[in-house]
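Report on the structure given below.
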């Protein structure tokens, strides 16, 4: 997996958002946010859960959730042990809820943030039919909601180790945006358990050059290591 | 003013509802080990909002009947092994929740409210598996607008670790205000600290906003490196090596 | 980073819902005088939870359509004369409230909730005169248990005065956390300060819990002695003589 | 009015409470709380709204209300422009609500604290038929509630410039406890607009001796002046 490529791709998706926040267990989204902030000339606000240096919150753990509800967070990241074609995510367990075959840590803030943050970027490096499924076993957070449900937020894109998907809210499905080097329409289709839209020709995800890789390595060392020391160590190798 | 770790944990009866902080907020691991040693049973552990090695130690030792959390995880070090095994075996009752719901339900207790609404949640299976949560029509809306009400969580005991207390028994929590919410919400609050300072935090106005007043503190014990192998911001870093050792399969506290 | 008082108050449009703090929490009197000078109209002033000379000045100058407060008073110095006259004349719409209801309704906005419950109130004529508040049966109780729901108050603007901002635009509020709640709840927050410091509050961890981050701050203006004739704890005492002069019957700002 | 007598009487009523709080515009209750705290050897916790020295709250203005709801405040003080025989208090206005003859500042926290703090001591120095009325014009906070209403708190006593009343919750009325020097059963009855119970012989409220007066003066100077400078100035005279 080319982590630098993913970091760059996610930074592109973040674009010129005003305020990006990253949650638990999110080293690559954190690095991408750092890159996007650097590209904004430092104007972008980035809040990293668990960081002292990269958080200006002062009101305790609830402030992330309150500020999301206030509309003060534009972009957030979520993942899923399973993600399905309707953008439902499962962070909880595989198999029967009462007697799971595999149990993960839990849903964290996803049942809330996925519905309140305008642009949620889904990130799941492992791209196979076990991860990207027709239907999740457990909906930690739903990809879409009935019109009467208060929901200013939702998915914007899905980033995997093989490709980028856009989320088409109106069609309620993903659309392939670009394939990472080494992948193509067929290899992605074969590895994906859900249906999605696909362009006639599939662009290739931009590959970072040496200078950009150095810049990213530097950001990982100087910023990401504070919160994710193990990730930073492995990244340096 | 302080007491021993053993005296402190003796205040936690079998069957108590115990609220604990997330790994980055000052976790009372030394007290947790003392609690395991005294053989507490049937705890209802509430993570505010997630928990790691602390809950895993308690589950491994058979102290837990009910676990209520948005997540139980060793973070970068992987799954919490005893928690994981217990859920799969059905040997603990798991109340899956979500971070803002736990914050809100504790906040409701802090305010003496029987319940509090929360946005989001609708369409999540977390909600579907919580019959104790209720979805109602927003009484202030003329159009359909379902919203979830959560019952307050009022723990018997809040337990956490902090860098310092002062001579009045006020505790420095700094920006970890989730610790204050826990203490406000709980009937009793037990705190371990690295040290007790012979000062009064209220003599320095700039410290006041980060202080949990002694009004909310039932008892304090000194436990040096009391969060180890987790860290506490002002004092020491988490011990990655010890946590990795634990994650590699050690289910018992001796190995930490 | 800062702007003039005139620029600051130009951000408050006619008809805005404006939330202001109590007399002991940093009241932006200088900005209020600038606001009167620019002739703002039809304000809905929300006191969080009480107000004094600030609201009285605005009412005296005809800037207020609706006043929402648990109390409007000059404290030790007596009744707020313009407020008093306006209520008796029926020339403003008065929404009588109570301190915890104002705190709770702003807290609801802070949390993005459409409403929040509150204990007490039942049997009070304050409740009887608030048709916008609803009494429901507690959905979590099997026995009769009426409880009041309050709609969130989401102000357009929060306005207050503080001792200092830092170079990032973070504002020191100290233990006056009601100012943070106001800022979180409001769409925009305008702050006057005694001075801007060439530091960053986040470089000193012990200060962090008392800081309102710039995330919530729309604009800052420097106004030395900007709370006068009220005080600001770190800086100067209230001016009793000037307040007494005001209370003795001066209805116009020139006399302060 | 003998302020020292009232301060001493209120301190007696406070007794050995664990935590006493005083609200806005309450110099005499504050002085009484300081006296009660001194008598407890400093063990009693006293929280004075508006004081830095005598408040250990750190969470902003809402903490008083939250801690009352948590059951952490044992005694609080309220007053009333009007108080009636059912212990209803009126802090708001006289006459019609929409077109009042007299308007006061407002109900502050009374509609909440009167219902949540176990022992609320009512304090109203002016004792006449304008203040103590058969029925208040506006109920800022009710003296009693129907059984289904959540109400752990309520009135404990009423202290005036002429006498002390106890509140009898079961009978839903006041009972004369003692008359201040210069007053007797008849003079109090004549000055009171509501009915109340009365013992066969009416004790006299204890009068502070010179040493106690000096102690109280000292407390007013050293503690009360911080919050109530004008009261302290007048008290010193």
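Letters are used for the chains, namely A, B, C and D, taken in the order the chains are written, and counting of residues starts over at 1 for each.
In the analysis below, a residue touches a chain if its C-beta (ideal position, glycine included) is under 8 Å from a C-beta of that chain, and two chains touch if they have at least 3 such contacts.
Chain labels with UniProt names: A, B, C, D = CoA synthetase.
Please read these numbers as outputs of a predicted model, since none were measured by experiment.
If you take subunit A (CoA synthetase) and subunit B (CoA synthetase) together, the chains in touch with both are C. Mean C-alpha positions place subunit B (CoA synthetase) and subunit C (CoA synthetase) at a centre distance of 34 Å. Centre-to-centre spacing of subunit B (CoA synthetase) and subunit D (CoA synthetase) amounts to 39 Å, using the average Cα coordinate of each chain.
Centre-to-centre separation of subunit A (CoA synthetase) and subunit D (CoA synthetase), using mean CA positions: 58 Å. Residue positions 104, 111-113, 118-119, 145, 147, 175, 177, 180, 205, 208-210, 233 of subunit B (CoA synthetase) are each in touch with at least two other chains.
Residue positions 52, 57-59, 65, 69, 116 of subunit A (CoA synthetase) each touch two or more of the other chains.
The touch graph of the protein chains shown belongs to none of the named shapes. Under the contact rule stated at the top, the pairs of chains that touch are A-B, A-C, B-C, B-D, C-D. Residue ranges of subunit B (CoA synthetase) in contact with subunit D (CoA synthetase), taken from their complex: 109-113, 170, 180, 184-185, 202, 205, 208-216. Of all the residues in subunit C (CoA synthetase), the ones that touch subunit D (CoA synthetase) in their complex are 22, 24-25, 48-50, 69-73, 75-77, 79-80, 83-84, 87-88, 90, 96-101, 103-104, 107, 118-127, 129, 143-147, 175-181, 233, 240. Subunit C (CoA synthetase) makes touch with subunit B (CoA synthetase) in their complex at residues 104, 111-119, 134, 136, 138-141, 145, 147, 149, 151, 173-175, 177, 205-210, 233-234.
On the subunit D (CoA synthetase) side of its complex with subunit B (CoA synthetase), the touching residues are 19, 45, 52, 56-59, 65-72, 116. The touching residues of subunit D (CoA synthetase), counted against subunit C (CoA synthetase) in their complex, run 24-25, 50, 52, 57-62, 65, 69, 91-93, 97-101, 103-116, 138-142, 145-146, 148-150, 228-231.
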